[in-house]
Amino acid sequence: MSKFFAMDGYGVYLWPSFALGIGVIVLNVILALRSLAAAKLEARRRLEMRS
Amino acid sequence: MKASAVAVARLVVARDLRLAFRKPSQLLQPLLFFMIVATLFPLTLTPELSRLRDAAPGVLWIGALLSSLLALEFLFRDDAQDGTLEQFALSGQSLTWMLFAKTCTHWLLSGLPLALSAPVAALALGVPAEAMGSMVASLALGGFALSLLGAISAGLTLGARRGGVLLSLLTLPLSVPVLVFGADATQRAIAGAAIAPPMYMLGALAVLGVTLAPLAAAAAVRIGLE
Amino acid sequence: MNWTWFHRLGSPPHVYGFAERWAPWIGGVAALAIVVALYGGLVLAPEDYQQKDAFRMVYVHAPSAWLSLMAYSTMAVAAAVGLIWRMKVAHSAAAACAPIGAWFTVAALGTGMLWGKPMWGTYWVWDPRLTSELLLLFLYIGYMGLRAAIEDPQKADKASAVFAIVGVVNVPIIKFSVNWWNSLHQEATVMRMGKPTMNGDMLWPLLLMFVGFSLYFAAVVLIRLRAELLRRERSASWVREAVA
Amino acid sequence: MLTVSGLHLWRGDRHVLRGVSFTAGPGQCVLLTGKNGAGKTTLLRAIAGLLDPEEGQVSWRDAPARRSRDVFHAELAYLGHEPPLKGDLSARENLKYSIGIRRGVTREEIDGALTRTGATDFSDRSVRMLSAGQRRRVALAGVLLTGAVLWLLDEPTTNLDADGQRLVADLIDEQVSHGGIVVAAVHHAMTLDAGNVVNLELGST
């Protein structure tokens, strides 16, 4: 198991690299959902203002 | 009788030239800026001419690029404010053609004088006298391509807040090819090598710019006028 | 030829509904593909005889770099469609692509640097591919900066569309000039980050990763597209239903 | 014949034009009235093609103006809020360049137009030195010189004295009597001799 994490000694570079990739993947989903929630809120406010 | 394309171009160029000579400070500022940037490098790098010579292409081209950005601010801003661009757009003539004429005038008033005055800065950077001709040619041709490219971003930032910084942000990445070929040509000139290959590339960029940039600039200006 | 599909693409409520229905499914398949590809790449694939385990960084670097370019071209195509056919949906799609593309450009740069350290001995080398990636990031920043600086959303759509198209014409030229520049300074590159020759066990996780990233991109674009459509729609009754 | 049909236009969040329609034929003058913000300027700019309406169409001589833009613009003169003049040039120079890009124009024609609008006395001074009313007279000379069939005027009497306001009314009357079309935004009622005047109040729908 620890051999797997060591990755021939390249682990110090490899794991941050994968963390960065997966982090960006997760981050983009969160950002997109937040942007959608904000847009919905804004649209709702606009509708209320009109009525 | 509708004015011919040649007459239109002549009038656009004549108006810009006349306006420029009534306000010469706008012409001189970018040139002075270029000179000052070029002479600051020896103070930060090294006073040894042999080492400055290696850095000279980069210094000259970065200086030229920044100074052309400075001059770009004046390309459309006044004309947009006083309604001249609106007049152009509603004249029934090709806006693309008029903006091309304007951009050529802009180069005539900023890019060309900069190229012609570059030998003064180049001397201070240890560029040998034999290289001056080729260097001026490359700066003039590259400057033309930069003006064309800049016309697009100048048009795009017409409707934007904080136009100045944004103008640089849009123009700089697009100008990388011009910078690469231009600096290469200057480097070859200093080394005494043939400058034809990068000059062909600069020429190709200028041709591409002539065919596409005015179209994009016209589209951008129309959007900016909304 | 039946053009109804094209007209449907131009209708915000239709596209909104489509995005709402399909994003979870596409996203789910993408997640599955990425997880399987990760297992395949990190565990099943044998190590490279030259780069050893370091080569495994290709499974995150290459798809990120590819996604950064794909997002830019998708954005430019959407922008052109929006400009030519004056389609609100296309402008929304272009706006949705930009932040995703920019983030994956950052990921490609970061993973490239982490891969570069053991290979070149330093985090940053003026390698042509990394340099082009950096310039691509500047283009994304310019695009988003322009969009943010123009108050009127329709004007912002059109202006940024022109910039996206100018940018996409420029990308190959930038690429070419960077290669030219690199060939002048060959000695700067200590060791090229060449593609390792891949056998089947190494290859399938990479291909699956490409598929996963593409589907993931589609899913996130669909989510962002919904947000952009809502922002652009002012009075339509479907908005009432959508946010209820 | 100018036909405006069902124009809808938003500025940001504001629905400014809500389905504006009218037609104006030769010899007709349309006066646009309405409160500030009712969309007079927006409508004029949309007709000129400077703004892109979200819905609706502007037609000129039975063809969409957008499709044959250059032909339409060659027959159109637009005068906005601010006279489009360069401060560093004289009135005469301004007209030479701005009209010259449209059509070949002689010095005599320019002199004639400047005389007509009462701008001869200051035509060689740089525009920066002129008063707002004087600038407007120069700009009106420019409108005359275009020889356009369709005039779009945005509050043409702004900054003008009583004499100047009479001049604008006379110019519009003349244009209309020659078979031209005028669409003008005005904020107070304007007395025109021309018979064929339509008042269109914006912002009431």
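To keep things simple, chains are lettered A, B, C and D as they appear, and every chain counts its residues starting from 1.
In this section, a residue touches a chain if its C-beta (ideal position, glycine included) is under 8 Å from a C-beta of that chain, and two chains touch if they have at least 3 such contacts.
Model, not experiment: these values are computed from the prediction.
The chains in contact with chain A and with chain C alike: there are none. Comparing the centres of all chains, each the average of its CA atoms, the largest separation from chain A belongs to D.
Relative to the centroid of every protein C-alpha atom shown, the closest chain centre, again from C-alpha atoms, is found for B.
Comparing chain pairs C-D and B-D, the larger number of C-beta contacts belongs to B-D.
Rounded to whole angstrom units, the spacing between the C-alpha centres of chain C and chain D is 48. Look at where the CA atoms of chain A average out and do the same for chain B: the two points lie 41 Å apart. Taking each chain's centre as the mean of its C-alpha atoms, chain B lies 36 Å from chain D.
The centroid of the Cα atoms in chain A and the matching centroid in chain D are 54 Å apart.
Annotation for chain D: residues 13, 52 touch two or more other chains. Within chain A, contacts with two or more other chains are made by residues 46.
Among all residues of chain C, those that touch two or more other chains are 151-152, 154, 234-235. Listed by chain label, the pairs that touch are A-C, B-C, B-D, C-D. Across the interface of their complex, chain C is touched by residues 152-153, 156-157, 159-163, 166, 169-170, 172-174, 176-177, 180-181, 184, 201, 205, 208, 212, 216, 219-220, 223-224, 226 of chain B.
Of all residues in chain A, those touching chain C in their complex are 4, 7-8, 10-11, 13-14, 16-18, 20-22, 24-25, 27-29, 31-33, 35-36, 38-40, 42-44, 46-47, 50.
Here chain B touches chain D in the complex through residues 1-3, 7-8, 11-12, 14-15, 18-19, 22-23, 82-84, 86-94, 98, 225-226, going by the rule given at the top. Residues 48-52, 70-76, 78, 80, 82-89, 93, 96-98, 100-104 of chain D touch chain B in their complex. In the complex of the two chains, the chain C residues touching chain A come out as 27, 34, 38, 42-43, 47, 52-54, 56-57, 59-61, 63-64, 99-100, 103-104, 106-107, 110-111, 114-115, 117-118, 216, 220, 223-224, 226-228, 230-231, 233-235, 239-240, 242-243.
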